[in-house]
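Have a look at these structures, which come just after this line.
Shared chain: chain A. Partners: chain B in the first complex, chain C in the second.
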Partner chain A sequence: MQNPFSAKQRAKLRAFFSKPANVILVVFCVLLCMLTLYPLIVLFLETITVHAGKEARAVKLTAGDFTLYSLERIFATAKNQYSKLTFYEPLFNTLAVAVTASLISIVFGGSVAWLITRTNLKFKKFISTVFVFPYIMPAWTLATWWQTFFKNVNAGAGTSNGIMAAVFGVNMPEWFVYGFFPISMVLGLHYAPFAYILIGGILRNMDANLEEAATILKTSRVRILWRITLPIVRPALLSTFLLVFASSMSAYSVPVFLGSPVRYYVLSTKMMSLINNYPGQGYIIAGVMIIFGVAILALNQYVTGSRKSYTTVTGKAAQISLINLRKANLPIAIGLTVLLVLVAVVPLLTFALESVIIKAGDYSLSNMTLDFWIGRNLTYLDQGDSTGILLSAKVIKALGFSLLLALTCSFFAGTCGVLVGYGVVKRRGSKLATIVNNLSFFPYLMPSLAFGAIYLALSTRVPFLHGFTVLALVGSVKYLPFASRSGINAMLQLSGEIEEAAVIVGVPWPKRMLRILFPIQKSSFLSGYLLPMVSCMRELSLFVLLVPTSNTLLTTMLMQYSEKGWAQFGNAINLLIIIVVLLVNGIVNKLTGASIDKGVGG
Partner chain B sequence: MKKFIALLLCALLALTAASAFAESIADICAAGEALTHDELVEKALAEEGTFIVYGNTSRIVTAAENFGALYGIAFEGSNLKDAEIYTKLSAEIEGKAKGADMVMIQDGASLQSMALDTGYLVNFVPASVKANIAEGDQNPLIHQFINKVFIWNNKGENVPAITNVWQLTEPQFKGNILFKTPDAEQVNMNFLVMLTNEEWSGKLAEAYKNLYGKEIELGEFENAGYKWIAEFLANCSFGNSDTTLAEELSQETAAGKAGLFVLSKLRSSSVYTENLTVGQYVAAEVGTIIEPFSGFMYPMYALVSSNASRPYTAMLFIEYLMTADGFKPWGKSIGAYSTNTEIAPLDNDLPLSDWKASLVMEDPEYILDNYEDVYSFVTMYLQ
Partner chain C sequence: MPEIILKNVTKRFDKFVAVDNLNLTIPSNSFITLLGPSGCGKTTTLRMIAGLETPTEGEIIIDGVTVFSSEKGINIPPNKRDVGFLFQNYALWPHMTVYQNIAFGLENLKWDKKRIRARVDELLAMLKIEEFEHRYPSELSGGQQQRVAIARTLAPNPKVLFMDEPLSNLDAKLRTEMRTELKRLHVDTDSTFVYVTHDQLEAMTLSTKVCLMEKGLLQQYAAPLDMYLRPANLFVADFMGSPTMNFLPAKTKKTGETSCELSFCGLTRTFTAGKPLASLPENVVLGIRPEFISIVSDSSIPASVYSTLPAGMETTVKLKLGGEIITSVVFGGIDFPVDSTVYLAFKGSDMLLYDAQSKKLIADGEIK
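== the complex of A and B ==
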């Protein structure tokens, strides 16, 4: 066989591949195309294929045939207003919720970020610690808490009173308890730490000279905020907006809990109800969500394209002078503390309480039991399980599986993140680096549920893709963006000289990575491992379609329990998940100094 | 080279011969119907590996436990949602991976189109109990019937007294009927589909006349079934779980409300049963009826997987489930009705025949033919 390359080309190739950064980039380019672009093609094929069951009956074709039926149903069926109710209205609701949630998290997270970094607010330590709690906790935590707190006989099914109505005698109106408003609020609060981390990062490092100069010139405080501070954080604001928008769009558990009682549907809930009977239509909705994700990526790219000119604002900033809040200090501090206790601590107490009572609504001691935690032979409860969760082999197994999955995803995502960071930064500016950089961020914008749906479609075509393998794969890919962001940021901070010095002395590449680069930026890199781990432990949407059974993971088990109405076991498991996540986060933080707020968040 | 081709041909021939001779699970089950109990036990105990059961009732796990203990068979019982079961079955059978031996599942329409048309599940009727099972319940084999019935809260001054389902469409019930969203459970949707057929829409039209003393005016609706669905759903508050609905409806604060959910949920320790009235019980007591139905009933099927690695154990388990012992996990509380006529209903419940006469039953073929239409119609009233 004749070699297709000339000697010169071969030499060039050899030189190209002698650099580890190039090898990494080529490998990841191919790998990421396979893991993100190929699945997209499969998804597209699924939307025009007949599936067995009701779909095949409706089109009177056999499974596997080509059809435009699903597309027509979703986009252009006027009978019974089908398309409008199944697609267009949920789409509108999705957009409304996503925009509102983004605004809420920016206003809330941004203000707190400003208060913490630029003022002499009291209780800073407590506030900044507890503020990221809602993000570490699963999103439905706040949703179920909202429901138990505000539900009353005048809203939704309205059969029983929550704490607000029972204790304070206040019946909140239905729009406050269910539907658009609470969904947006809960998502906004859940993602507010995003805004806090992104905006706070810039505020913290911002050169205060500009503000001080303005102060000397007797510019009013409001004007300074409006004309100087805000423009500087604008890119962060926009990034936050887009990231929260993308995350809210794919949120599934929150709209299920707070939307369905009043018939408020979003794309994610519609997709879930379609995917069993009419998979083709479900996949189309997944596709639409992905198109939005891609558009957001493009927009984010466009907006932050000029970010370099902003980040140079950081650097050797002089000491930031903190604004004195004077009389407002204590009231703001107390107000914030109370609010944070309400959204971050009270839910945990509520779960603990709800997990020990037998009949709902009766909080007397005689109605309490620890059976749901440590009981045995609980047939008298007839709630599915006969042992308390701490003694149940089923729960322990799921906990083990969840931890194993989280560790696996964190290992693969984290390691790939370090490598991608190295490759992209070393070859910064090259076309290949840009492509890999974008590809590695792309999974972030794929709505979790849609991403799960794609891999479900894929698993019917690729033989080894089921069980643990597919879960670990989908988790690693989905969380790669966190790790690659950390990796890129960490590498950007490292001066090239450090590695060059080692190259000159002839230190091989693996040793350079393990002995020099990694140790220097240990905490940043480790954050890239921590985020996937934490996210994975509390993930539902991504895995819900792929788990072999609901009992596989703690989160899917929790969802099943809540669907079955086994509230006490559900609450106990929920608390267990939160405790494990907080523990993991705390331990890693103490041991390594890595922390959530060093990453992008998600 | 020639030798190689000859060898290859021989191997191919042997393979096709082997596969032709290998008995399919369907054949094994067909032959199994002639086996006595003792023969089944003998063949089942000769099989190896873990016996795997999927079921969409939580009590299947208890039944499998009892069965495993009785015969000393290692088992794995999973309580899954029906959709999960189909997803897993198709993955296991298409991927030829080890999976379920036996499946217990509801929703006759999906069973027909997803598992029987495709051959994923195979029917088996145990010889020892065949005589006690009505012919209509034998193919596919129905293990038991479950009913979802009208139940209302009996607290306060405004206690509903429902004798005709059209009452539920009246303004006083606006938002006061608890029903699991048909989006979330297929049998609920199946019930609604059945109401649009000739029989039930006719009965609904008649019931309307009996209640209001005038002919029904259909307006834009195709028949009385559609009209009732529209007005009933417009009055519903949807929940995600029948257990939760039962708990909620049983609260003192739920006075004046009614619900349509699984009767057996009244067994839950978290339900204040004394606050609830079951419509059909009242009707039976005073010798009236709720016109034209007091809820609906759906079968729970028991079948062998075409992928079974322990087919005889699956058959033995089905035989066991059809006996009084096997039915115990369900039979101890109201709301579950064995198709084995030897198993008597509980004293505080009504017999299956009474329920069958007063409830809407499923017809898988009608449901499959009309599903899309009714589904999109129902979607309008879920918003």
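== the complex of A and C ==
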């Protein structure tokens, strides 16, 4: 047979593939194209394809045919204000919520970051520890708490009173309980720690001499803040704004709890309601969300990449003199502590309380029971299950499945992260490495719910993609950015000579990886494994479209219970998830120093 | 112009004592160097005088005004102390142009625009950075950044100028150049300079007086040449000068009021001190600067050459003498063959005797 390559080309190829880094990069380049770019194409095709069911009946075509029906319906149907109600209004709501949430998180998180790094605030240790809790906890924690706490018979389709109405006798108005205000507030509070981490990091690393130099030149505190500190952290502020904006935009669980009951829709919740009956339209909304997400995060790359380098040679600025808050100190500290207790501790207590009362709205001791936790064969529970959640076979199976999924995703994402890190750093600067680096970060840019939608579209075309396989695959790909970031960072810290010293004495590649590179950067690589695991445990939007039944995962089970109004079981499961997440994150943090709040965010 | 007085100044970080009971008077118009190895408390001292750090105890007086006193509870903030501070990393504001950086301090003083313009122009010219006026710090080289930082510090005409290792981020050639200019600047600005460095050569060449510290304790406070020729203890003797002084263990036997018999390196010689020897311990350390050991054509002290390091202008010769390795520096580039025999002479009256136990200077004199 004629060999298509000349001898010289063959030698070149052999030399190229003799380097493990090249093999890794080629494999991942192909694999990531298949897992991220190809699904995007599929998603696009789905938007112009007729789907069986209502859609086929509406267009009077057979499933699989080409159609512009969905596009027309979504973007340009004036009849019954269809496009306005299905797309433009939710889009506007989405943007309004995302902007407001970003501002809240920046102002709140940024102020706390400044207070912690630049003043002699009291209870610093407590505040900085507890402040990140809302971010570690699942996003819906605050939303479900808000609902449970403030709901009352006068707001929305309220059928029972929450603690605020029942115990304090205050019926909050509907705008306060559901819709724009609570969604923005809750998202803002949830992402405030993220802003705190980003801005605090910059403030902490910012050369304190810059502010001291201004002090010496007789600058007032206020002027230092406005003219020196803020301009220097401005890129971080902008970056925080964009990241929180992107995350809030794709948020699903918060608007579903706090918006849907009053028919206040954002893109994500609208997409969910469309995807079963009109998949084409659902996929279009997913596409719009992806375009927004990618555009915003690309803008962020541009902002952080192109700005004038503000990194300065770090001096011996370890000790900056802290601003004395004097009389304001105690009030601020106490106010913050109370607020933190309210958003980080009270929700957990509320869930605990709500999970033990028998009749909603009655908080007397005689109305309390532990049956929803440990009861057995009690028909009066009457919420799809007659056994308390800690003994229920259904719940235990879901917990097991959730854990199995988390472990699987973390194994694949983590291992790929190490390999990508190795390949990209070894061949740094080459085209192939840049492509793989960007591809491995690409899933981060995509909103979880939309990413789930893509894989839903994919699963209709690829036969073996269903059940556990598709969940594990989508989880591994979605969390790869966490792992590849840690992998790349870990490899960057290692000087090339460390591996070269082993190459010289003829140590084969697998042994070099396992015996030299991995042990040296153990904790970084491990965090690449563990961050996906923790994230996976609290993930809802990514999986909600793909689970075979809603009982499959703890998080989707919670959604189901909440939709059905099974309050006690719902609250108990909610508490269970939060405790598992905090526990796993705590253990991970103890073992490796990694924590959700130290990841790339999301 | 003003005088700075430190009285019993102590700074503790938790249990670690950074500066221990420091007493120091910095005369008007002087150029004082705070010198010492890293972690000796020199930067902390400077920051305390400037007000960027609060002392744990003590009193600091600038120009007759008590700016800090732990007893009286006085602590005047840095912006009210009328001082200038030059940071090691320059601390130029990255988001402001060179002009804005220099003008910023003047704006704080509510100068009018014209006056600011004139003053900045004056400084730009003085430091030869006129063409960079509109650039951002990231667009400047290290040396240019340094000049901008100096201009910014000098702009409001501070009476006292503090400098924290300002030259340590520059390359060797630029550093020499800037040294010359700083010394010139001291004369031109007519202000008091306090300068932190770990480089003894910088301290030697720049300052009117050197304050050498170790582990938070003042070791010696003297004019550079005095410190070089009469180091108060073995630490100072070792720290000042390069190549370092020769330290030879010796035994003494007193022979007169100012003289004693000294045995070292298998030699026995007479040591004649400049002042009467009060008490003389038996075990001493003889300190001789390398340049005071000359290589002569013939003498009663033969030594063998261990290695030679000719640097062109001078040559450092390592010699074996009675089991000890000693250093000699001779003028000119001479490559002595290894293991050849040369003859030594101790010249001058700057031979030093240190108490081997207390490590303090006992006497200076000559060896015959």
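Operating definition for what follows: the second predicted complex is superposed on the first by the 556 of 602 C-alpha atoms of A that agree within 3 Å, B and C clash if a C-alpha of one lies under 4 Å from a C-alpha of the other, contacts with A are read in each partner's own complex, and residues count from 1 in each chain.
We take it that a residue touches a chain if its C-beta (ideal position, glycine included) is under 8 Å from a C-beta of that chain, and two chains touch if they have at least 3 such contacts.
As the structure is a prediction and not an experimental result, all values here were calculated from the model.
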| item | value |
| --- | --- |
| Touched partner set for A:218, first chain B, second chain C, both or neither | second |
| Contact breadth on chain A, by residue count: chain C or chain B | B |
| Touched partner set for A:501, first chain B, second chain C, both or neither | neither |
| First (chain B), second (chain C), both or neither touched by A:466 | first |
| First (chain B), second (chain C), both or neither touched by A:404 | neither |
| Partner chain in contact with A:328 - chain B first, chain C second, else both or neither | neither |
| Interfacial residue positions of chain C with respect to chain A in the complex | 13, 43, 50, 52-54, 77-80, 83-85, 87-89, 91-95, 104-105, 108-109, 136, 138, 152, 155-156, 164, 169 |
| Chain A - residues contacting chain B, complex | 52-54, 56-58, 77, 79-82, 85-86, 89, 153, 156-161, 256, 260-261, 263, 265, 273, 276-277, 358-361, 380-384, 456, 459-460, 463, 466, 548-551, 560, 562-568 |
| Residues of chain B touching chain A in the complex | 58, 78-81, 83-84, 86-88, 90-91, 94-95, 97, 109-110, 113-114, 117-118, 175, 178, 181, 183-184, 186, 237-249, 251, 253-254, 257, 267-272, 333, 368-369, 371-372, 375-377, 379-380, 382-383 |
| Residues of chain A that touch chain C when the two form their complex | 207, 209-210, 212-220, 223, 227-228, 231-232, 234, 308-310, 312-316, 319, 321 |
